[in-house]
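You will see two complexes here that share chain A, one where it goes with chain B and one where it goes with chain C.
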Partner chain A sequence: MAKSVETLEKSIKDAPKAKKPESKKNWFSWGLLAPVLFFFILMSVLPTIWMFGLAFYDYTLTSANKPKLIGFKNFTDFLANQQLAGSVSRTFIFLLCAVIIQTLLGILIGVLFWKNDKMPGRRLALTLFFTPMVVTPIATSLFWKFILDPTLGVINYFVSVLGFERFDTLTDQTLAFPTLVFVDTWMWTPFMTLMTLAALGSVPKAELEAAQVDRLPITRLIRTVIWPHAKFILGLGILLRTIDAFKTMDLAYVMTGGGPGDRTELIAVSLYRFAFKSFKLGYSSAVSVFLMFIAIALTSIYLYILNAKKKSEA
Partner chain B sequence: MYDIKLQGITKKFDAFTAVNDINFTIPKSSVTVLLGPSGCGKTTLMRMIAGLESPTEGRIFFDEHDVTDVPTRRRNIGMVFQYPVIYRGTSVRKNLELPLLSEKLSKAEMDKRVDEVAEILDLQDVLKRQVEELDNGTRQKIAVGREVARQPRIILFDEPITNIDLTSKLELKRSMKELFGRLKQTIVYVTHDQTEAMTLADQIALMQDGVITQCDSPKEIYEKPNSQFAGWFLGNPGMNFVPPQFINVSGSKITSPLFSQTIDFGTKASSADTFGVRAEGINVSTTETKGGVQARVTRKSIGAGGQYLLDLAVGSLLIKARVSHSIGRTAKDAVWTSIESENITFFDKSGKAL
Partner chain C sequence: MAETIFKPKRKSGPIKFATLGAWGISILFFLPVAWIISTAFKPKASIVVSPPVFIFKPTLNNITEALSFDNTLSYFTHSIIYSFGSVIIAILVAYLAAYSFSRYKPAGTDFLMFLLLSTRFVPAAAFVVPYFQLFNLLKLKDSYIGLIAFYAMFSIPFSVWILKGFLDGISQRFDETGLVYGASRWHIMFKVILPQVKPGLVASFVFNILFVWNEFLFNFQLGGAKTFGIPVGLFTGSTKGGAIDWAYVASIGTLYVLPLVVVIYAFQKYLLVGLTFGTVRGEV
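For the complex of A and B:
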């Protein structure tokens, strides 16, 4: 018995040697990966490391002073900053509202498309429906700004034609934030519809047919047939949307500039201001590090759930 | 129980006609196997009976009820799919119970039915297990049990053992054979495997190119194929076909260099074009016999069960003969063959049996 273990160990030790011809292949695959890795490291990894470093310095681009190491002062500063705390909580409210509404709407529309797979013009409808998702966010923000404009906007034109008073949603204290959520929903609901269609598509056809034959009630159908297959892709969609909503910047910056007051000041907008209006690079790096950890936390939670599920199935 | 009447059923997928004008009745309380090569339309036909596909033309009746436009949910059928369907996140018992929930049964009745099928299918030991933990063979057993426990009037099986590993396959086939003996339902079973069909069927409906070409008991369809296709498709090897140049017809009499006797085939003799004979319908002797036709052995192979399969050349004609172990073992280069007239089936030019 002991001998066989020994030989086994030996064979394990010898294994990499035996695979030597593979190393040539490895060089080839590394060679193919190299350009991407080069740019990834140059454009993504190095700046991130740089940012980590900057977070511990007092460094303002416009001042004549040299960067000064100040330890955790940037972090303690912004954690004490009430305004910033306001932006963070506002961002979370925005994220919750947007993701929940988009998920529900996306699922609803996705199910409608899925149910009517023989509807004439379905492909065209889907293509049109998905366009908001492929338009640049800046363009989306600009044309919604025009549509909603109090004097030039088409909505206000019809409002005045109908005999009501023109109104300006983007500068209104109560309407500005919901309007932002609305435009974000207009832009991103198609994404959740896409994910819903993919999730429903991952349910085996035979299982759906068996459920019809066995006359399962709709709640059972969802619980025992659709959900076990669909949950991963749908969950992934929600995660991507959450991370993305957390970073929302262009929409708020172009449409309202964070206003009126700070009603639509999302964290990414504040960050942009610190970095590229006040050029407080050390401070804004600290905020970025903080945001990055929130994003990593969200991802980890999802991956943890996913892995736990996988383990229970194995 | 219901019989299933198919009236002028046609199904087209764009330009392709999968099922072509089928008029057929599947008798109640028996096992009908739809057998045919892949692409012959057997699964499409079954899916139309289930309501998962709607016919391009024609009507489907369960007894006198027209169900053509009735959705699957309301047809009161059971169906076992090729891919073993289980309902995830529940126990095996719950899986068997799920379709019973809409039947509004008492708890006692429900338990009785579940325990009954669990016993027949040998599932008692796994009843409490989670379905995800089980292999494909057991999953398919659960799927079969689920349909049986519900006791619908019609149960459809769509190649249920195709996707199962070999050992579970045999086991599942055996338990289904037992199950079919007990069930009083109308059973339709689709397969491309003739052994499966022979084992399970009360009658086999043979399909080719979207049409049912013959429907008979396994014995009948094997012994009296009504077409060359049936003769060729059933049996392993399929029937030997002897081409026209080996047949002489004069009046009602048919002779051939392959058999010594003269066959009187009456008025139908004139349309005889080819004849078929099964491999086991050819008598082979290793010594010269009176009236025997000499043949040369080109190949010899032993089959399961010890019988031999001989490839024989009679002049330019190649035929296969199945012979007993003792003859096969001793057969050398030259053998003598004869064919009894009752083992001969004549076909006309179009391939129809006469």
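For the complex of A and C:
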């Protein structure tokens, strides 16, 4: 009985589709896509092709020489550039420190809010907590510059009250980089908390209740009930955060300008400098092409996790 | 649901402690922003002093002064024009595309969705040069047409992803029933399906506005005096005469940040879907 209803439903579902001529359906579906494709080709594909082209030219805006085709020289130059290799490795150190700290802190705070899902004023508390991640990095940098200022800053005031010497974190050789990680952590820990809450929310309530009835110990509860469901969203959160940390530019550019020396020079900051301070358009495009491939690789991993999540849900 | 599992034997004690902890962390994270807001209301003489002033008579002088500068109000109007203009266009075209992706799945759907998402994962600085030259070539620099077109593209990937997610969750039966009763495709798309993806529309509208509102680099390089928005205004206006004008930063920062706090409060349930490009949905 059940099966025949199913087949009947299926035949009803398939019927109108079969009647429709394929070509008309195709025409309509592409027609709907046309405006997006128009924008995509004009504003995304075209600049990308342009960028690829530029990467093979010796083209400096400020020089009188005409742009010259030089093949892969920009790429070989850039791979041989020690300074740039420094920014790339610095970016990865930054990314590792930031993402690990933010993930751990984010999970801790997330669990705290999860256990407090009936706390008074939860929505307001979360609003205050989530504010840092939606403030534009330009404002964040300026705000923190003020707070960390060696003479005017409120943090240094407390440092001096406690009897320590005032310090200028943003121009200090050893402190500048950790300060950048610290401010980034302030900005993005709320995001990892948000993802933790979503991950915990994706665990079916029935399974949690069953675990409670079985009096499952907490370690087994995490390993056998929570983790199999929560891992996907948590994974997506960590990856999104990694991608964003990799892109960090405004924050470093405004707060430290990459300094002191090159202590906080991240790859995106170098790239901006090549393009708009020394106007080496060909060279900066070669770096951009390199970064684009990293982005495409990260996108693939992201979609891989997303598909694994969908499969496990189905 | 949580407390049914971890329900402690003595209910009031530990729960209250955890609540205090959660509130304490929230306030700690908000403190830097609160400090800037309080600075905006300090008398000018109490801002640039050491030690910092904690108790003061609030004044609106800084804010009125910051607003009296020639460009200040225009930064806000520019931001409003280009962010609303671009996002409305983006959502309109993204809805059509998302409907096509969701219902017809034309060849290459997955690949196109992948390409759209990957554009958002490339560092912005990588694309500034080609856009800069393209804009110079087409004479679009410092024009609303250019910026709105750019930000529309900036908002489209996210809108397509978010709307396709919501459309996939709505049964095709609605479309089929409509067709059986002789409704046109447009009627089905806009009168039957559209109202059901309202949460997706709200989320993509709010968060695209937020992202465009916050965007700095492209506005800085592709815009000009006629189209600079708030982040650029905050950046360029902060360094009047060599030193940083902290009263200006605090005042404009406050005017910028307060609406954001209201937005997060009002649209908190969309925050997750908004910050994950529409790929993750759920309650927080």
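Throughout what follows, the second predicted complex is superposed on the first by the 260 of 314 C-alpha atoms of A that agree within 3 Å, B and C clash if a C-alpha of one lies under 4 Å from a C-alpha of the other, contacts with A are read in each partner's own complex, and residues count from 1 in each chain.
Assume contacts are C-beta pairs under 8 Å (C-beta built on N, C-alpha and C of every residue); 3 or more make two chains touch, one makes a residue touch a chain.
Note that the coordinates shown come from a computational prediction; the quantities given were computed from them, not determined experimentally.
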Worksheet item: Which partner does A:Ala245 contact after superposing on A: first (chain B), second (chain C), both, neither?
Response: neither
Discussion item. If we overlay the two complexes on their shared chain A, which of chain B and chain C does A:Leu281 touch? Say first, second, both or neither.
Written reply: second
Worksheet item: Which of the two partners, first being chain B and second being chain C, lies in contact with A:Leu170: first, second, both, or neither?
Response: neither
Worksheet item: Which partner does A:Gln212 contact after superposing on A: first (chain B), second (chain C), both, neither?
Response: both
Worksheet item: Regarding the shared-chain residue A:Arg220, is it in contact with chain B (first), chain C (second), both, or neither?
Response: first
Discussion item. Between chain B and chain C, whom does A:Pro204 touch in the aligned arrangement: first, second, both, or neither?
Written reply: first
Worksheet item: Is it chain B or chain C that touches the larger share of residues in chain A?
Response: C
Item to complete: Return first, second, both or neither, reflecting whether A:Leu95 touches chain B, chain C, both chains, or no partner chain.
Response: neither
Worksheet entry | chain B versus chain C as contact partner of A:Pro228, first or second or both or neither | first
Item to complete: Please identify the positions on chain A that touch both chain B and chain C, taking each partner from its own complex.
Response: 209, 212
Worksheet, complete the sentence: chain A partner, complex, touching residues on chain B are 50, 52, 71-73, 77-79, 81-83, 85, 87-90, 98-99, 101-102, 132, 143, 146-147, 150
Worksheet item: Which positions of chain A touch chain C when the two form their complex?
Response: 13, 16, 25-26, 28-30, 32-33, 35-36, 39-40, 42-44, 46-48, 50-51, 54, 109, 112-139, 142-147, 151-154, 157, 160, 186, 189-191, 194-195, 197-198, 201-202, 205, 208-209, 211-212, 221, 233, 236-237, 240, 243, 246-247, 249-250, 254, 267-269, 271-272, 275-276, 281, 284-285, 287-288, 291-292, 295-296, 298-300, 302-303, 306
Practice prompt. Spell out the part of chain C that touches chain A in their complex, as residue ranges.
Written response: 1-6, 15, 18-19, 21-23, 25-27, 29-30, 32-33, 35-36, 39, 47-52, 92-94, 96-97, 99-101, 103-104, 106, 112, 114-119, 121-134, 149-150, 152-153, 156, 160, 172-173, 176, 179-180, 185, 210, 213-217, 221, 230-232, 234-235, 238, 244, 246, 249-250, 253, 256-257, 260-261, 263-265, 268, 271-272, 275-277, 279-280, 282-284
Practice prompt. Sort out for me which residues of chain A touch chain B in the complex.
Written response: 204, 206-207, 209-210, 212-217, 220, 223-225, 228, 313
